[in-house]
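Before anything else, here is the set of structures, which you'll find just below.
Presented sequentially are two complexes of subunit A, the first with subunit B as partner and the second with subunit C.
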Partner chain A sequence: MKRTAIAGIAGLAAALLLSGCGASGTPSAQADPNATLVAAIGGEPDKLDPQSTTSYFAFEVLENVFDTLVEPDQNLDMQPALAESWTVSDDQLTWTFTLRQGVKFQDGSDFTSADVVYSYRRIIDEKLANAWRLSAITDISAPDASTVVITVGQPTPNLLSSLGGFKGMAIVSKANVDSKKINTAPVGTGPFSVAEYVSGDHITLDANPSYWGGAPKVAKVEFRFISESATALAALRSGDVQWTDVVPTQQVSTLQSDSSVTLGLAPSNDYWYLALNEARKPWSDVRVRQAIAYAIDRDAIVQAVSYGTAVKNQLAIPKTSKWYTEYAPFSTDLEKAKALMAEAGYTGGKLDLLATKDYPQTVTAAEIIAANLKPLGIEVSIRKPDFSTWLDDEGKGNFDMFMLGWLGNIDPDDFYYAQHHSKGVNNFQKFSNAEVDTLLDAGRVETDPAKRKDLYAQAAKIIADEVSYAYLYNPAVIQVWSPSLQDYTTRSDRAIRFRTAYLTK
Partner chain B sequence: MRVSLGSVARFMGTRLLSSAIVLFGVVVVVFALIQLVPGDPVRLALGTRFDQEAYDALRAASGLDRPLVEQFFSYLGGVLTGDLGVSFRNGQPVVEILLSRLPATVSLAIPGLLIALLIAVPAGIWSALHEGKVSDGIVRVASQAGVSIPDFWLGLLLISLFAVRLGWLPSSGYVPIATDPAQWLRQVVLPATTVGIVAGAIMTRYIRAAVLEVAHAGFVRTAVSKGLAPGRVTFAHIVRNALVPVLTITGIQLATILGGVIVVEVVFAWPGLGRLVYDAVAARDYPVIQGAVLLIAMIFLAVNLVVDALYALVDPRIRLA
Partner chain C sequence: MSAESLTAEPATTRFSSWRLLASNPVTVASIVVLGLIIAGALLAPWLAPYGANEINVANQLQPPSVEHWFGTDDLGRDIFSRVILAAGTSLTIAFAAVGFALLVGGGIGIVSGYFGGPTDAVLMRVVDIMFAFPVLLLALAIVAIFQPGIPTTIIAIGVVYTPIFARVARGSALSVRTSPFVQVSQTMGTPAVSILGRHVLPNISGPLIVQTSLSLAFAILSEAALSFLGLGVQPPDPSWGGMIFTAQGFLGLAWWMAIFPGAAIFVTALAFNLVGDGLRDVLDPRQRTIIEARRTA
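What follows is the complex of A and B.
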């Protein structure tokens, strides 16, 4: 039922897009090469160093300024970017990348293999936030100016998605880092360069005419920081901005019927889930966890947190991904839940549910979950600390249950290993299953994609059956833009790419 | 009436000294409060992928691992030398960040206060002098409405009318006055009107009350019964004596607006102090929060000092007190 509603919205968005494309063929809709594309984003980046920021606002801007060695296409398959091609040795331990010739940084200096080595070494040696993505790497070298050799300790089939799936792995310029200007005036190799940064107000990018992928079709992109969605939508409707993602989910149905704007809706790769503390009784008993998974009303949660724009999912990976596995073992069934509780000899009691005001959806969902578990005799008390306290409590195992999401994953290893391997760094729920460990370890080194997909499908099913996580939904990426903006698509990885976009006159 | 400069100077001297003491108190409170706020900024900066080594390194780099007393004295030393530390988020000096936001706030506060005065002075005086009449009722209802309207809602109303529906003015944004005065003016109209209406409504009620109080005073009755012209009574006796409370409320409103009108700045995406505080609190950027609160306290003290000096000039009784 809810799923059809999503299909309807997505279908309509597609129809709007198609009609937009149709219009671009008419002579009145020519690209304006001198145009400035103004985009409203929800806040100011904390800093513009792609390797050390963790702010999505920063990545919205930096997606257009920096490049990675490889990069995800619309289907999130890795394509050449700064690396033109690559080969893997027979033992799968040596990756040799051939770099694109003639690429320059926006300050005019040449891009070479030394920049790649420097960038990755910086992430690893300075233990920057994304160092874990490079944990498989044992050595990086540059035998000549256009070749980079990466050695890994074990076969690493997801190396490309680790190197390119995320702009935090961008290739930076040593001179820019050394000058300490990278946080406010970063220099990349991407389609746009940072021209002006007015703190609190906006960042303006200039088109990079010598971009290796072809010059952009607008002269400038201005990112304005507008945290209030009513203001952002008013700015869009009055023509002051041409694109925004500061859109509350409850506005989607209104925007859908508004012919003066184009709505872009894509299921994201993010997922939200519940986890029960398996180091504590009675949650250590799989039957009690399953009882909770049966008691939860996922439809009600999706409706409440997203006005029906999210998609229910009982595994982590969304339908749009090539790694998707269809599996939905739980339905809302109180009788089954009660039977499982009786079998486990648990008659109910208190449950400490950790939510956080910083992610309001966890609070909304927590209230529904509390109501869902009441008939089972489980008295839920909801705690709503700020996120840093939340993280502390999660790390110390100070919870019975928590709800949170994981964002921006591409490879199945990102989705499952750290969270469900008994030695996983983010396995705060203390799930431990020897078979899952074996499957996840095998998936890490399996180079045959079909076999690899099968390994993760097996692991994911056990993870869901044993309720290491009770998966809830994949939220939608919601963006809206003026019909004058053409050749722009909403991506499921939330990357905002304006490199080919243009504005009609 | 003879104004003795000596007594004014003495009066201002004591005021300056007490301001300095208040300011020291503010530094202590600001420092202490931040320590009590829940949430570890270092933990937050690292996010969900956490490792103890990175945590310790960042904590040491931000000086948060040192004893509290040591942290306080190094902070106090910094404040005295104009060094408020660097932002946790991006390492920019806090003083630089504050100074970069001040022009936007000042260039909203001054037109906002002018609009408020333009509304409040005539409306407040008129309504007090016509107490009980229909026009007084209208002013009272309108000012009550102005006080009650959330500035958030008023701002959005103005945007949807003048920017979206009529297309006369930009919906939001800011350009420095020095860069493009015409564009600055177009962009400041709506936020300044929002600020002005809300502040103006508050001030109207104060001015009306102040004028009423004086109008009912014995010396006014004497002046009227002496047969002085009504205009002379109004301006030489009533308005002049009502100036002190009017100055007070104007000073408070000016300091409030200068301290950053958070809601209006957020609605109009105006890059002033209010939005800086809003963003810094969300990110638990302690040094920026501390610096901003300190700056806002200094603005209040400075405005109060100016108002005090004006009191002393306007009303000789005050400087002798």
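What follows is the complex of A and C.
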């Protein structure tokens, strides 16, 4: 569960590929084992320590350098990675993982259970960005070199997705951390190792021939930092770059009809939403919040920000997820909105809408919302500070309404607990509902998947009805690459995996 | 300087200034263009076929057509309407900011130049400090301190152009201070305020008028730059700079989103600049001599 700035390598949902996706081309095409795959990403990582960075740019690179105990497959179900198998005790409180044998770090040292214990202890003890994912854990031990035992305080059905859904839980090497080189020259167990880091320009990875999953099919991967989409697309067309995700949504239709590139679109697990400050009047009145939810033109917002690539959704979890619940209580209905306002005795006034210029879609949507709310007598003034100021204002409750998204959630607990539980750490809108609290607490420990899904469906419906968040849409993951790049697919969790990709000669 | 020229010169200067100005076709054309822009800005609420924030997403990114002369933007808003409605905002900001700079800067300059001595030294050092900052940097700093918006933009641009007016006014006031008619007034015991108002101000008005016109051009550009950076006019209200910022992401798809607000900035800034040049030609004694010589030749 990460803020948009924060990375979102984690996810689930069947990777239903909307269009033009996947490896095309002739199967007989010859792979070039000496090729360098050049990928253009939108910016430079802040640091390369997977456990402490929160930058998606870092995770784009590190996805190819590090491993986790388990990892999501294309359908975002957890599969063995560094752990070969695992068992859960009958009381659901003890998880025993058996590690893969013969795995080595890229510096040649052996990977053992001590590295797993060290990595998790480091996240917990140093209170790193992802410590909350391990909050259920009471003890981690290594009875022998290839076994790790994790004890939890209560049944934790989402432990696997907490451990593997996100590269922030990567297994790191103690020697690498102690040498303080992890931020520039990290050492992992993954398919590629960091060979060169030129700040402001690129990071080059070398293939790891002894990777446990099989040696990669390209010799090197170079991640180049290109923030301008026009530059990135020009580089792709000229052949300087073979892959990029620096693609604004408005370019999708043009790229779809461009036979010189392959477009990868996948529905993501991200969601974008509006939140009203319930610590302030009149937004504390549920009827006023509902009036706004009825006044908003969701179709217009989705079209304007995504050009048809996103999917409208009035709950957080996307259709492609097994946790999806269909529910759409609000339609655009001005009369209903006005009636609710009248009932609440609110005749209109000013609304301070916090957007951020670092995510232009928030400004675009804000302009539509301003127009939508005008007939209700609500004068919207839009602020668009940079994202760090934005986070500051959000944390201080300095807003009437804000728009933002969450990236990289997998488990329903990720989608709802921190945001809507009255004790949730990210409940900046100050929503409080006893029934929702009970349901979310129950969902955390329910081990029967069907019952669990039902608990979250109930909670989510109340959250939507009470407009804790006004959910808007699930965006798509958009990537483009050269037709010479084969065996690469766009994943709905935004993980950029080049471990099996190859370039044709 | 003879006694006749003291009384006769101002009148002839004004008369022939207007005539000289009218004889320069570029200046006349610029004045006409400027008049049209100002009239368009004033009448924009009636001229605009659509509202500035009339969103119609189904109609987004339409190229220029009969219904939408300048096309539509990413939210389906009519760009022609937004461009002419933004003109009012841009011009208001420019006039208010330059007005501020003229009053404050001009005031500082006149006082500084007329009184001289320690007053002059202190005021001019302050002005020098302000001059040391790059224009946009100083404006950005001011906007960063206060909330972005139209009043802040006016103050930011106004403050940035204040030192220029102070310098111009001071330079002119220095030369007028030693003129016989000022010295006569001083010996007659006329209060300083009267001297400044009745003798100094009219005699330094030429350079100030020229500077005002030139500064308006730069104020238009500064406002566009601040709005482009997201610190000037706030969305959803239209501004030329803000429209170009949005257009960046659509350059290959919808050229009209950038071209028309860009052209508006270009034409308006150029018109102010050319009018300023024309005014300088006739109000600056040195330039004027050259023109008159050319005309008689």
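The rule we apply is simple: the second predicted complex is superposed on the first by the 477 of 505 C-alpha atoms of A that agree within 3 Å, B and C clash if a C-alpha of one lies under 4 Å from a C-alpha of the other, contacts with A are read in each partner's own complex, and residues count from 1 in each chain.
By our rule, a residue touches a chain if its C-beta (ideal position, glycine included) is under 8 Å from a C-beta of that chain, and two chains touch if they have at least 3 such contacts.
Because the structure is a prediction, the values reported are computed rather than measured.
K.L.:
Putting subunit B and subunit C on the same copy of subunit A, do they fit or clash?
P.N.:
Once both complexes are aligned on subunit A, subunit B and subunit C fit side by side.
K.L.:
If you count the residues of subunit A that each partner touches, which comes out higher, subunit B or subunit C?
P.N.:
When the residues of subunit A touched by each partner are counted, B comes out ahead.
K.L.:
Give one of first, second, both or neither to describe whether A:352 is in contact with subunit B, with subunit C, with both, or with none.
P.N.:
Neither: A:352 stays clear of subunit B and subunit C.
K.L.:
How many degrees, to the nearest 10, separate the directions from subunit A's C-alpha centre towards those of subunit B and subunit C?
P.N.:
So the angle at the centre of subunit A is 40 degrees.
K.L.:
Answer with first, second, both or neither: which of subunit B and subunit C does A:381 touch in the superposed model?
P.N.:
second
K.L.:
For A:84, decide between first (touching subunit B), second (touching subunit C), both and neither.
P.N.:
The answer is neither, since A:84 touches no partner chain.
K.L.:
Check the residue A:441 against both partner chains and state whether it touches subunit B (first), subunit C (second), both, or neither.
P.N.:
Once the two structures are laid over each other on A, A:441 reaches no partner at all.
K.L.:
Could you look at A:304 and tell me whether it touches subunit B, subunit C, both or neither (first, second, both, neither)?
P.N.:
A:304 contacts subunit C only, not subunit B.
K.L.:
Applying the touch criterion given at the start, work out whether A:230 contacts subunit B, subunit C, both or neither, answering first, second, both or neither.
P.N.:
both
K.L.:
Looking at subunit B versus subunit C in the superposed three-chain picture, what is their shortest Cα distance in Å?
P.N.:
7
K.L.:
Jot down the residues of subunit A that show up as touching in both complexes, subunit B in one and subunit C in the other.
P.N.:
Common interface on subunit A, subunit B vs subunit C: 230.
K.L.:
For the complex, give me every residue of subunit A touching subunit B.
P.N.:
43-44, 46-47, 54, 127, 129-130, 132, 183-184, 198-202, 224-228, 230-231, 234-235, 237-240, 385-389, 391-392, 395, 404, 406, 425-426
K.L.:
Write out the stretch or stretches of subunit B touching subunit A in their complex.
P.N.:
38-41, 43-51, 53-54, 57, 89-92, 97, 100-101, 104, 156, 159-160, 163-164, 167, 170-174, 266-269, 271-272, 275-276, 278-279, 283-284
K.L.:
Can you tell me which positions in subunit C touch subunit A when the two form their complex?
P.N.:
Per the touch definition, subunit C meets subunit A at residues 53-55, 57-58, 60-61, 74-75, 148, 230, 234-236, 249-253.
K.L.:
Would you tell me which residues of subunit A are touching subunit C in their complex?
P.N.:
So the residues of subunit A touching subunit C come out as 229-230, 248, 250-251, 254, 297, 299-300, 303-304, 357, 360, 363-364, 366-368, 370-371, 374, 381-384.
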